[in-house]
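Next up: the structures, one after another.
The same subunit A turns up in both complexes below, where it pairs with subunit B and then with subunit C.
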Partner chain A sequence: MATERYSFSLTTFSPSGKLVQIEYALAAVAAGAPAVGIKAKDGVVLATEKKHKSILVEEHSIIKVEMITDHIGMVYSGMGPDYRLLVRQARKVAQQYYRTYLEPIPTPQLVQRLAAIMQEYTQSGGVRPFGVSLLICGWDLDRPYLFQCDPSGAYFPWKATAMGKNFINGKTFLEKRYNEDLELDDAVHTAILTLKESFEGQMSSDNIEIGICNSQGFRRLTPAEVQDYLANIA
Partner chain B sequence: MCSEVQSAQDYMRDPRKHYFSPYMDNGGTTVAIAGEDFVMVASDTRLSRGFNILSREQGKVFNLTPKTMLASTGCWADVLTLNKVLQARLMMYSHEHHDTMSTTAVAQLLSTMLYWRRFFPYYVSNMLVGLDESGKGVVYHYDPVGHMEKLTFSAAGASVSLIQPFLDNQVGAFNMEGVDPPKMTKELARQLIHDSFVSAAERDINTGDGIIIYTITKDGTAEEKIKLRMD
Partner chain C sequence: MVYPVHPDYTTITSVYNADYVKSILAYNGGSVVAMKGKNCVAIATDLRFGVQAQTITTDFERVFEVGPHLYIGLPGLVTDTQTVLQRLKFRIKMYEMREGRKVKPRTLMAMVQNLLYERRFGPYFVEPVIAGLDPVTKDPYICALDLIGCPCEPADFVVSGTSSESLYGMCETTWREDLEPDDLFECIGQSLINAFDRDALSGWGAVVHVIEEDKVTTRHIKSRMD
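Here is the complex of A and B:
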């Protein structure tokens, strides 16, 4: 059978001890659209650029900031199709957890399970690593969470971070702008400013997407709400 | 009676037939009553097999977390295994979560664990008792394949049909005109549990020898032993 020929992993070590496929995956992420996440005292914000390759694209049919459960949301930088798969798997994992424990999955637990899935694809036969880094935000037990999941399966808790194109500048910007006393409104404002650093052209509610997560749960901001925030930074 | 080889009584079985039953009924009864900020669970201490007694000092209530306990009766082999597997799952949860499981999570987990064995069930009557996240006492009653009901009081095991109606009347005031259920206190619960077991021991051969009562509150667990008739 053809599948027998691929029982070995395509991700192998280089002499210097690196997994080159993962390095390349991270390069795919770094070439992707910018995404930003900021944790405030009372919530978390996720924001991403949603530039279209053509004016003919139906803008509102594609959603990048996705809900996983009532209290957990996710965004990405990198390859869209790989992201779609991980969103599905994250949702399934969350429902399986609820089925077993009748409790909403704690954000760190979801992140661990998702990261374990991403790691599997670096050590399995015939598959390649995911070409996305994920930003996962959640609210449980009265506190906000923000995590990044990399193609390698590594995950990091962040106070604030940027991914995708120009992420180094984005992170530097956040290091200056971040403080522990940010409220969610300020965090949204700061996230938009961070995106603006690498944005070519005019920002509008059609070409950025923002999601927030607080004690009421996770939701995407409506275009009108995004417009309000944009008006404040102009 | 030798349940390992034949399940019917000596005088009833056909000497030409051989039939192996993997299940054995080791008797035992459990009762649980929940209050606003406590829950009490008790079991008798007799383990039996047919007309024989295997032990007079075998309690049937197991500790799961500081706030949760499991009362199991039925086939003792399955009781022990179910408890062992559940303890392992609890430990795995606390390794992954860096926290102990809540009572409601344990309750749901037990339900799914039992249903996994839908086609070769654990021959066990379970009651899971504990304090929920708001500190309120709660009792979960199960059937052998994981059907779960959240209640404030329940009985299970060999004498369930003798004790449950008594509790329905005294704790639930079911179908009684002009009578309200009493406010549940530890003293009332203890009295009702004691009376339930004393009455059940009168008529059921599988119940007797002694009672162990556990009281779970936010401050910990208290234990009390009471003797019953040993016939």
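Here is the complex of A and C:
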């Protein structure tokens, strides 16, 4: 790793007190594909756009909404390769926790550890910050969780949020549409509508991906299930 | 002098003239027992601290409180009793600060297991016993581990220390399911005392903690003082 050669950090303060590398990383996130997360009474939904640059791309081989443990799932906006690394590390962290405590990792604990890793890359020698923001959903101790992790290492608990392209519009939309009594089905519906706000073209089960997390654990919706929800929107 | 890994191996540990050939786990002596009752658990320890044949103090408790309804007994080599307790308390406090919740009994077992196995090839000479109630469900929990962290979570009782064999016999005959706290106290107290009375290296009185949902009762029992 480059840390062996560089002993100094590449992320340094500007005169105005900002860490420009992190600002640029956030710009990379804002240019990425939209992702939405909504917390319902009985679960959490994660949704993302999965647009491909060419019709020759094999859509179902690329998975964006990933499982970290039985009860925790994750999605991102930003750079795919950086995301893959964080998925791997998150899974490892979760399993290490289980080995030490014989207990599935609580979602806030996973988020804290993952955010600490992301922060390391803003202060270590020879590395750059991650170009992704993560949306992490989980269910433990009988309640749902939704967190966002930023390239800076900051993490935020959300009731509902949007990231990536057009995230401001997405958030405004959610502010109007969100209420505390949403059930998971309604939340999925709302998530799809939020994605639709910034979607160019026709939505189908091939170009969006949805994951849900409830008391039964985390799972991705099958294309058929996604199609059912989409049919209800039209 | 290198201590052997397996406690069944013997070594001459004393530098005094009257040498004894002993296992390291029997160097200081001491015994602990824990039992499950109806909505309660009890854990008991003897009070002897010695160096082979010589008794040094008669007020050495080897059972410690690590949570509101969570106790751990650490019979074995006393230096390791102290060190394992310190290192464990460190880990427990860090956990409670990070997670914002109290350690559950089974989680404590996992932490102790981890701590001991980290030293797999140069172990701590303690064989811990855990007794407690789950902080949320109040379910009773007991377990014992060997010196390299193998846990055993039975439904009735666990024993450890120099009089463990006698303890097995006493507990097996006196224990019944669903003993009320007062009966559990009698059962565990008598099991321990009659077991360590047949052991030269344990004894000099006992301390029993009975852990119930709303309180912990600690009693000191006077036994034959030899």
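As a convention for this text, the second predicted complex is superposed on the first by the 229 of 234 C-alpha atoms of A that agree within 3 Å, B and C clash if a C-alpha of one lies under 4 Å from a C-alpha of the other, contacts with A are read in each partner's own complex, and residues count from 1 in each chain.
Keep in mind that, in the parts below, a contact is a pair of C-beta atoms (placed from the backbone, for glycine too) under 8 Å apart; a residue touches a chain by one contact, two chains touch by 3 or more.
Worth saying up front: this structure is predicted, and the values here are computed from it rather than measured.
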Original post:
Just from the overlay, do subunit B and subunit C fit on subunit A, or is there a clash?
Top reply: clash
Original post:
Counting only touches as set out at the top, which of subunit B and subunit C does A:99 meet: first, second, both, neither?
Top reply: both
Original post:
Touching A:124, do we find subunit B (first), subunit C (second), both, or neither?
Top reply: neither
Original post:
Should A:214 be classified as contacting the first partner (subunit B), the second (subunit C), both, or neither?
Top reply: neither
Original post:
Which holds for A:109: it touches subunit B only (first), subunit C only (second), both, or neither?
Top reply: both
**OP:** Please write out, lowest number first, the residues of subunit A touched by both subunit B and subunit C across the two complexes.
**Re:** 99-103, 106, 109, 112
**OP:** In the complex, go through subunit C and note every residue touching subunit A.
**Re:** 95, 98-99, 104, 106-107, 109-111, 114
**OP:** Flag every residue of subunit B that touches subunit A in the complex, lowest number first.
**Re:** 96-97, 101-102, 104-105, 107-109, 112
Original post:
subunit C touches which residues of subunit A in the complex?
Top reply: 99-103, 106, 109, 112
Original post:
Can you name the residues of subunit A that touch subunit B in the complex?
Top reply: 99-103, 106, 109, 112
